[in-house]
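Listed below are the structures to be examined.
One chain, chain A, links the two complexes that follow: it is found with chain B in the first and with chain C in the second.
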Partner chain A sequence: MKTHVSAIRQRMPSLSACILIVIGILVAIAAIYPRAFTSGNPNAIDPNAILAGPSLRHLLGTDEAGADIYTRIIYGTRLDAEISLFSVGIAYAVGVPLGLLAGWWRGALDEILSRLSAGILAFPIVLLALLIVGSFGTSAPTLIAILALAFLPQVTLLARAQTMAVCARGYVLAARATGLRERRIITVHVLHNITPQLLVLSPQLMSQAILIEASLSYLGVGIQPPAITWGSLLLDASNYYQQDPLYAISTGLVVTIAAALLLVAGDLISRWADPLRRR
Partner chain B sequence: MAMSAGLQGEAPSDGVSSGTASLLEVRHLSVTYTRRLARNDGQTRESRHAVRDVNFDVPRRETLGLVGESGSGKTSVGLAILNLIAAAGSVRFDGQEILGLHGATMRQLRTRMQMVFQDPTASLDPRMTVRRIVRMPIKAHRIATGTGIDDLVAEVLNKVSLDTAVMSRYPHQLSGGQRQRVAIARALATAPDFIVCDEITSSLDVSVQAQVVNLLMDLQADLGLTLLFISHNLGIVRQVSGLIAVMYYGRVVELGQSEQIYANSLHPYTKALLEAVPSPDPALETRPTRAYLRADATTAGLHKVWSGGCVYQDRCPFTTDLCRRVEPELGASAAGHSVACHRVDEIRTGTAECTEGDS
Partner chain C sequence: MRTPRLRTGTLAARLARTVGVLVVISLIVFLALRLTPGDPAALLLGPQAVGQPGYKIELANLHRQMGLNYPLPVQYLIWLKGILSGNLGNSNQNGEPVIRLLAGAAPPTLFLIGLSLAIAIPLSIVIGTTAAYRPSGIADRFVRALADLSLATPTFWLGLLLVILFAVRLHLLPATGYVSPLVSPMQFARSMALPVVTVVVYLVGVLTRYVYAEMCEVGAQDYVRTARAMGIAEPTVLFRYALRNALIPLIAIVGVQFAALISGAIVVEQVFGLGGVGQLMLQGVVLKDYPLVQGGVLLITILVTVVTTLADLLYRWVDPRLT
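And then the complex of A and B:
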């Protein structure tokens, strides 16, 4: 009975993980159904309250057109979540299999992939984004594609390096000795053992996605109005930081906190996924 | 039935294998490791022999102890026999040539030949429970299905004297001895005829070593296993093996029955090895009457590229010009006892003169 309780406790997430999970659920709700948090319309303009300070009507004040900043932040969640989730998701869907194969088979495939990855990594992401946006125009899918391309080498190289490390371990040789098929060894032993390390990177990349989106919006090549992202809010806010500091601070904090929470999430995930580090 | 160390210096006659004498026949086995060099003088690869022209047989239900120091090629021999690394020569298992086999044929054969590795912490996947670890070979070879799988897992764990309660544990929650038992259980899951045991006691606590060795010997008796027992621990090898092969620098330098090796070793290296075994009672420990290792001997010779002559020439106190020029073949000295040494007759009669300092 006692061992049963401890087994359950082992699998129970810690307090910080619980808090993060709650925040994650709230963010998901905000992204899927923003009305749960605000009754206002993000594009509703109040000409009598331009760049107004916080009030009961406008919790974080209003922007230069008199729209409610809090409402706009809530409505901006969806695009940011979509962009970060899809870009990282695509990078993983392509990068993990490539890295696994490169690390397992080595040889020419590995050589080519490593060189390609290094090439992409060497290219400044914002410059890359400017180039692509310049030729294809801005849209959420374009931005997602750019970010996925930028994250792909990181994911591929991480998967490759971790695969190579795992392949050198005794249990892979032992699995071959017992007569397991190569495919089974890769999926059961290798993939299973590199998952925590891969998972650590994903929230980091998502936070990067949010920050890059913000930078691109700031440069004016991000998502265009009337679509709302945190980055576009930050761009608007930066023009009025003297008249209304809270405007810039609140939007900036949202981006920073989101990125920071994602980093913490990455660490918690790795701890949870690793039986050796699990208490 | 030939119970002796079936050694042949030369290749066996090309005939159908009798299939009864020896379960495993190793002929001219060589393993070469090649590494790429990051140099620009044209030489891009460097290769080094880990094992060179090794020959031995392992009779059914017997144990061949493979001894030698680190780097002598013992593990490479074990891996090559199981076709886990590239090797040249011939390895016949139950009459079937193994080297060069791959795919489904080799996988099928792996049910009959298994391996237990040196360090169970490394050879057991840390993310798998004991149940899952032992299930892997059973499922891979479809040895049992449905509830039969767990029954078989419990059965093999039982064979290695592990409580079935360990099934839900992870390797890091077990003791070293328990982990090695799990590794043995995994090897037994496919009901093999032959198991390569690669230094299976060296990572264990001394008090546990004996338990694992006794377990292995019981299993051998019960299941009729044939073993290749690789170890540098002569005390344990003596306990386990009926036959012993001594390796030095990729070559087998002496091969014979256990009593022959321990009571009547002939190769200077074997003698040096035996003298290095500490006695449990220091009072009984006698100073060696003769030195079989040069006073200035180092292991440096192990790292240089072999350039002809006897592999032991740099450390042997009896080295002559002949030893430096011509490599001695492994030749029969008595029934079932062979030695690769030019001066074996002088060493046997004790008339070999030390040449130390001549060089």
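And then the complex of A and C:
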């Protein structure tokens, strides 16, 4: 009986997973329809309240132009969500097939991809960003491209390593022995079995995307105003930290909490991906 | 007896791979800045020069002077030849050799990275080992949560918080600026304290996770169980038997994390106005100073590759199970 209960419990999402899913839905709503959380206009300025502290009118105070910080944070969600989702999505869309092929066929393709990956990984990401931003200027698509480029080798190498590990397993050998077509073995037997392990990396990369966006904004090479991202708010706040430390603290906390929640999600996925560690 | 088993074959293969990586890096750096809209020569002359008499001739002269009139592959080879002879070119802004500008800005950055590593490595070993001593214990959960938190915190924001607390509120330490240790060791220590703490927090977060995972793995090995069964005191088991083996992968991890560490250092040096390599490069990007940005990115990336390769070789040399 006891084992029965624990078997059911294993299949149920844990409490922390439920909480994360609810938060994820709330963030998605904020990104798609920010008015659900605030009636204000992120660019409406209140000349009587410049760098004002928190009040009932302005929950987190106002910035240097008198705009409501809470409203701006809510409206900043969209770009941050877009940047992290698209950059990681592109890295996966390109990296997973490349890694699968490199791990399956090995040989020259594998050599070239490994060298390219190592070459890109050797770039400190901020320098890579400076290099590309110096060339193409700052915009959301550029930033997404930079992040996707930086994440691509990580995804490719992970997919390659996982493919090689799975290929040595009995069921892949058996599938080959039965004379299945290569394409079917790769998509059904290999890809299907490495998907959980591949997914573990995605929330980590998304949290990195948010942090890097913030860093680049801080360095002045991020997305430029009037677009609102959490990083651009943090840059604003850091210019006025002497007059209004709370502005810097609240905007930084938003970034930290978002990144931390994504890391926790990664931990949960890795536990789910590795049945031996499910407790 | 352990003999160094790094066969020359493996070594040669490793070095050949490293050269391949370096070629990839040089191509990326070269192409990134050359395939861009915007003419560096026009930028150098400034917008006010446009339309002046003789502007076109001056522009053409400048192009020739900067080697921009050749086709791209030729430009690449000229550039590569210069690099191989140790010449990274001259800055577009003031004509100073790029290598001298970089060398001048290097000390704060190198001190920041070196000091942070020197503090973070032992610290993360102690913390990671303590957490792994009793997996799922309070210390374990606490340490893992803190490590996650440090990874989630934007480094520059942490630096900002430290400035708000220690410089603005408590007036204990300077908020910005760098003082060379040759000028005043005391002032140097004060100027580096907050930046180093900022980077250390980040590094400890990264490294502790690895030490922890390694210690958990090593702790389950037969030789550790045997050592415990023989009645050897727990601290000896932990530090003599387990830790020594757990530390080997740390060599490789530090190598792999080196690139991320430099990214962190660049941002942190901006927060504290240390005037290091990062700030120099940022200027170069704004002013479209191709040679400076190319040279800087190239030099740093080569440094990263060399460190990674060395760490990897050292790792293989220390651990004879890997060949």
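Here, the second predicted complex is superposed on the first by the 258 of 279 C-alpha atoms of A that agree within 3 Å, B and C clash if a C-alpha of one lies under 4 Å from a C-alpha of the other, contacts with A are read in each partner's own complex, and residues count from 1 in each chain.
Just so we're on the same page, a residue touches a chain if its C-beta (ideal position, glycine included) is under 8 Å from a C-beta of that chain, and two chains touch if they have at least 3 such contacts.
Not measured: the values here are computed from a predicted model.
Contact with neither chain B nor chain C is seen for A:24 once the two complexes are overlaid on the shared chain. Of the two partner chains, chain C is the only one touched by A:264; chain B is not. In the superposed model, A:184 makes contact with chain B only, not with chain C.
In the overlay built on the shared chain, the residue A:225 is in contact with neither chain B nor chain C. Contacts of A:174 after superposition on the shared chain: chain B is touched, whereas chain C is not. In the superposition on chain A, A:127 makes contact with chain C only, not with chain B. Residue contacts after overlaying the shared chain place A:192 against chain B, while chain C stays out of touching range. Once chain A of one complex is fitted onto chain A of the other, the partner contacts of A:118 are limited to chain C, with no touch recorded for chain B.
When the two complexes are overlaid, the chain among chain B and chain C that reaches more residues of chain A is C. No residue of chain A is contacted both by chain B in one complex and by chain C in the other. By the touch rule above, chain A contacts chain B in their complex via residues 169-171, 173-181, 184, 188-189, 192-193, 275-276. The residues of chain C lying in touch with chain A in their complex are 17, 20-25, 28-29, 32-33, 35-38, 148-149, 151-157, 160-161, 163-164, 168, 259-263, 266-267, 270-271, 278, 281-282, 284-286, 288, 293, 296-297, 300-301, 304-305, 308. Against chain C, the residues of chain A that register as touching in their complex are 115-116, 118-128, 130-136, 207, 211, 214-215, 218-221, 234, 238, 241-242, 245, 248-249, 252, 255-257, 259-260, 262-264, 267.
Those residues of chain B whose C-beta lies close enough to touch chain A in the complex are 79, 82, 84, 106-108, 110-111, 114-115, 117-119, 122-128, 136-137, 140-141, 170, 172, 183, 186-187, 189-190.
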